[in-house]
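Mind looking over this structure? Questions follow.
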Amino acid sequence: MPRRGWPTANKPNRRRRRLLSTAPKNVTTFAAASVKMALRAALRNKCGFSGLLTQLSSSGHHGRVSSVFVSQMRNNTTSSKINVDFNKSTGVAVLSMQSPPVNSLSLDFLTELCINLEKLDMDKACRGLIITSSLPKVFSAGLDILEMYGKSPERCGEFWRAVQEMWLKMYNSNMVTIAAINGSSPAGGCLLSLTCDYRIMVDNPRYTIGLNETLLGIVAPFWFKDTMLNTVGHRHTEMALELGLLYNPAEALKIGLVDQLVPQDQLLTTATETMTKWLAIPDHARQITKSMMRKPTVDKLTSNREADIQNFVNFITKDSIQKSLHMYLEMLKKRKA
Amino acid sequence: MPRRGWPTANKPNRRRRRLLSTAPKNVTTFAAASVKMALRAALRNKCGFSGLLTQLSSSGHHGRVSSVFVSQMRNNTTSSKINVDFNKSTGVAVLSMQSPPVNSLSLDFLTELCINLEKLDMDKACRGLIITSSLPKVFSAGLDILEMYGKSPERCGEFWRAVQEMWLKMYNSNMVTIAAINGSSPAGGCLLSLTCDYRIMVDNPRYTIGLNETLLGIVAPFWFKDTMLNTVGHRHTEMALELGLLYNPAEALKIGLVDQLVPQDQLLTTATETMTKWLAIPDHARQITKSMMRKPTVDKLTSNREADIQNFVNFITKDSIQKSLHMYLEMLKKRKA
Amino acid sequence: MPRRGWPTANKPNRRRRRLLSTAPKNVTTFAAASVKMALRAALRNKCGFSGLLTQLSSSGHHGRVSSVFVSQMRNNTTSSKINVDFNKSTGVAVLSMQSPPVNSLSLDFLTELCINLEKLDMDKACRGLIITSSLPKVFSAGLDILEMYGKSPERCGEFWRAVQEMWLKMYNSNMVTIAAINGSSPAGGCLLSLTCDYRIMVDNPRYTIGLNETLLGIVAPFWFKDTMLNTVGHRHTEMALELGLLYNPAEALKIGLVDQLVPQDQLLTTATETMTKWLAIPDHARQITKSMMRKPTVDKLTSNREADIQNFVNFITKDSIQKSLHMYLEMLKKRKA
């Protein structure tokens, strides 16, 4: 099967045409670093991601670095933390998280993730996305606690906006999204998988998944809660969130937190076969249906985004919470030693 | 057991009294054709069905045809597409759909169905309704695609209003409603069964049930979605609607899409026994409870009815959708040949 | 393990300090009778319970009866209908209902229950509450029908306000609440258990649980419905409430109406072990999470409280409903004879 990276001269779809009307064709080829800076600026200016690539593209028009990246990305998009392997013949991209030791969702990681999602969403040729981990034993350990500990309110807010952006991009994605969960997936890692259309987990009883925030003394925000509620219903969500429950694969399957269990060596094959089934449905009808199911939940966050950031910042910068995080980090250090 | 048709001198209940204050007692006996015309006019004038029988009755007052029908309907109500067998001693009516080849929900079919539902609902003696099919292998194949293909916007709107009316009458019915599903029940057929209080399906693995609209490139509207959501929850609804899933009886039972499976030859017996159980509950308390459970969902449609019709018409008359339907119809033709 | 009753000189928490700023330390020691009178007055004046203890304490300041009660309550709080055994070392109180023959929720019973809940909620040392029955075979038979039959509208309203208060206190409690269901639990008894965070039921097939109001011709109000819906979902709630279903333990476990079944002799041990698990979660994070899950449901009642009382009074004082209740009471008498 011929696999190709990001097409530089791909026929742009309508949305892309709009965004890139004045832009060069090699818009996808900027150095990750400059993209990240622009992205953060955009986040800071609260303009969201949608206007971002226009900015990037006009500045990149003069960039010298681009040609280097073009060649690199013919086969796939690689950055320090994320690898995207896009198979144009099938229309399916496999996004692998490769940020050791545990794919923590740091600001940098989320920024890269969002850039990749933005690009994939804009590429009409890309209809499906499989998210998995390149690391053994862990899918993602969730939000990076170091982003919440000892940081300024501004930085905390910037971080939280990126978490929201990841959720909005994923939960609202026009692509078919499948989580291939090949390791433990607590807290934010669980959230990431819950945003997908389908979840396949490796059937290893050592792996766990769940929104276990309360164990750390922190609280899953309403949109984490809504995402879980839409997946496993009110009662399981209530109990899971109050107790910070982590489920092993069999338990997760039983309550519907994941949809399917497979042996490790069948994970990607199964994900690919499942994707084929989903892609057999006409995109348009499937996308409208997905939006109908998820829009009320998405709208709740988009219309309360700034307040939600403020809430998070107020909460996380409290002395008592910072103390809890300190203790948790000390415990982690000791465990390693 | 003595079985009787529509009582011509039945003591009218309060609602009936209101509607029929100026009407003769044999209001139920008008020729189906003229009823249908009046009904369509009512639909066209957006006056809903509630004022319909008043119109009919005043015109029918002078009608000669009525006496003929009175005698015919002593035993049951028969029309080309629907047969109603009302057992006054038990208070239970069995409504059999008999419109070959597949009980498609055409405008004519829906009109007849709604007239029959209106009459049953107004008859205080009728407390329970069992809906089934007289055809082998199919309960109902759902909305008639020919009503959506190559039709004028006006006609499409008229059709959609009748679909809404069927749903409103059924989902909101004061009667206990049981679907005796003796064959496949895709799309609108599934919707019809979902409006009932209880679903019993014949345990034949060849039969399927589900809201599979996306397979045709069309989208189940929000009230189809809400009806399914109230039955099987958010997650199953999301996956079922996005993938256009059709479930065999065992799968349907597992997710709660149907409540019970029985062998073909026990279907009506089981439905009748189940009905007896439901009718043991005081009507008043049961009806208020049912309304409490369903009113929010009903209100969402009644307060958005015109917009929903407009949405449907705009969507279904699109070139791309018409093309999809054309292809589907061609495929059906080839399959027959 | 040292077990103590209500501490008379316990360090008051913030809320208690506010309430009791002008009050003596032995506020918990008033005679149950006078407390009940004040409570009823508070209910009548629609001021809710929150300002109640202030009133009580200022009047009690001059009371002579208090010193007698202080000594009695060192080990536990006893009244005619409810026994509270608070183990200060574990932070867990066991509230046993002991109102023969069936722990009916009469106005007196509810008043005592609410006073005890108010006290426990105000005591920072009390973090967990186990509710059980001292009677064999019955947890609680639910609302006392004698409070609804042949009573004045005022009295009916007073009763209903107390039912609401019980629900609000329980469903909204900051404590971890576990129902140890050691007998049948119909109607209001089921509601009481549904307000808890976790339900453990004795696995005796003779015991049943459910909101069976329709069997009596009455209707579970919207907040009974919401509580069940949050526990077992829309479809099970719809069917259970319309049919007035009572489930045996195995059935209740299957639909999620209870969380766990145990043999009779392991009930309290299991409840205590479960409580330990719940109390391992930081209170603050758990409480915020619980509130996030339940607040919308609580708010619906608090913002419609008076209308809900009026609805109840209008409904229950109807001739037809009074007749139903009369017949039901006659039937009960005959059954006893």
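Order as written gives the chain letters A, B and C; numbering starts at 1 within each chain.
Please note the rule applied: a contact is a pair of C-beta atoms (placed from the backbone, for glycine too) under 8 Å apart; a residue touches a chain by one contact, two chains touch by 3 or more.
Because the structure is a prediction, the values reported are computed rather than measured.
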item: Angle of the C-alpha superposing rotation, chain A to chain C, to the nearest 5 degrees; value: 120
item: Chain B against chain A, contact positions shared by both copies (same if over half, else different); value: different
item: For chain A paired with chain B, centre-to-centre distance based on mean C-alpha positions, whole Å; value: 44
item: Sites on chain B at which at least two other chains make contact; value: 233
item: In the complex with chain C, residue positions of chain A that touch it; value: 213-220, 222, 225, 233-235, 237-239, 241-244, 320, 324
item: Partner chain B, residues of chain A touching it in the complex; value: 197-198, 229-233, 256, 259, 277-278, 281-282, 284-286, 288-290, 292-294
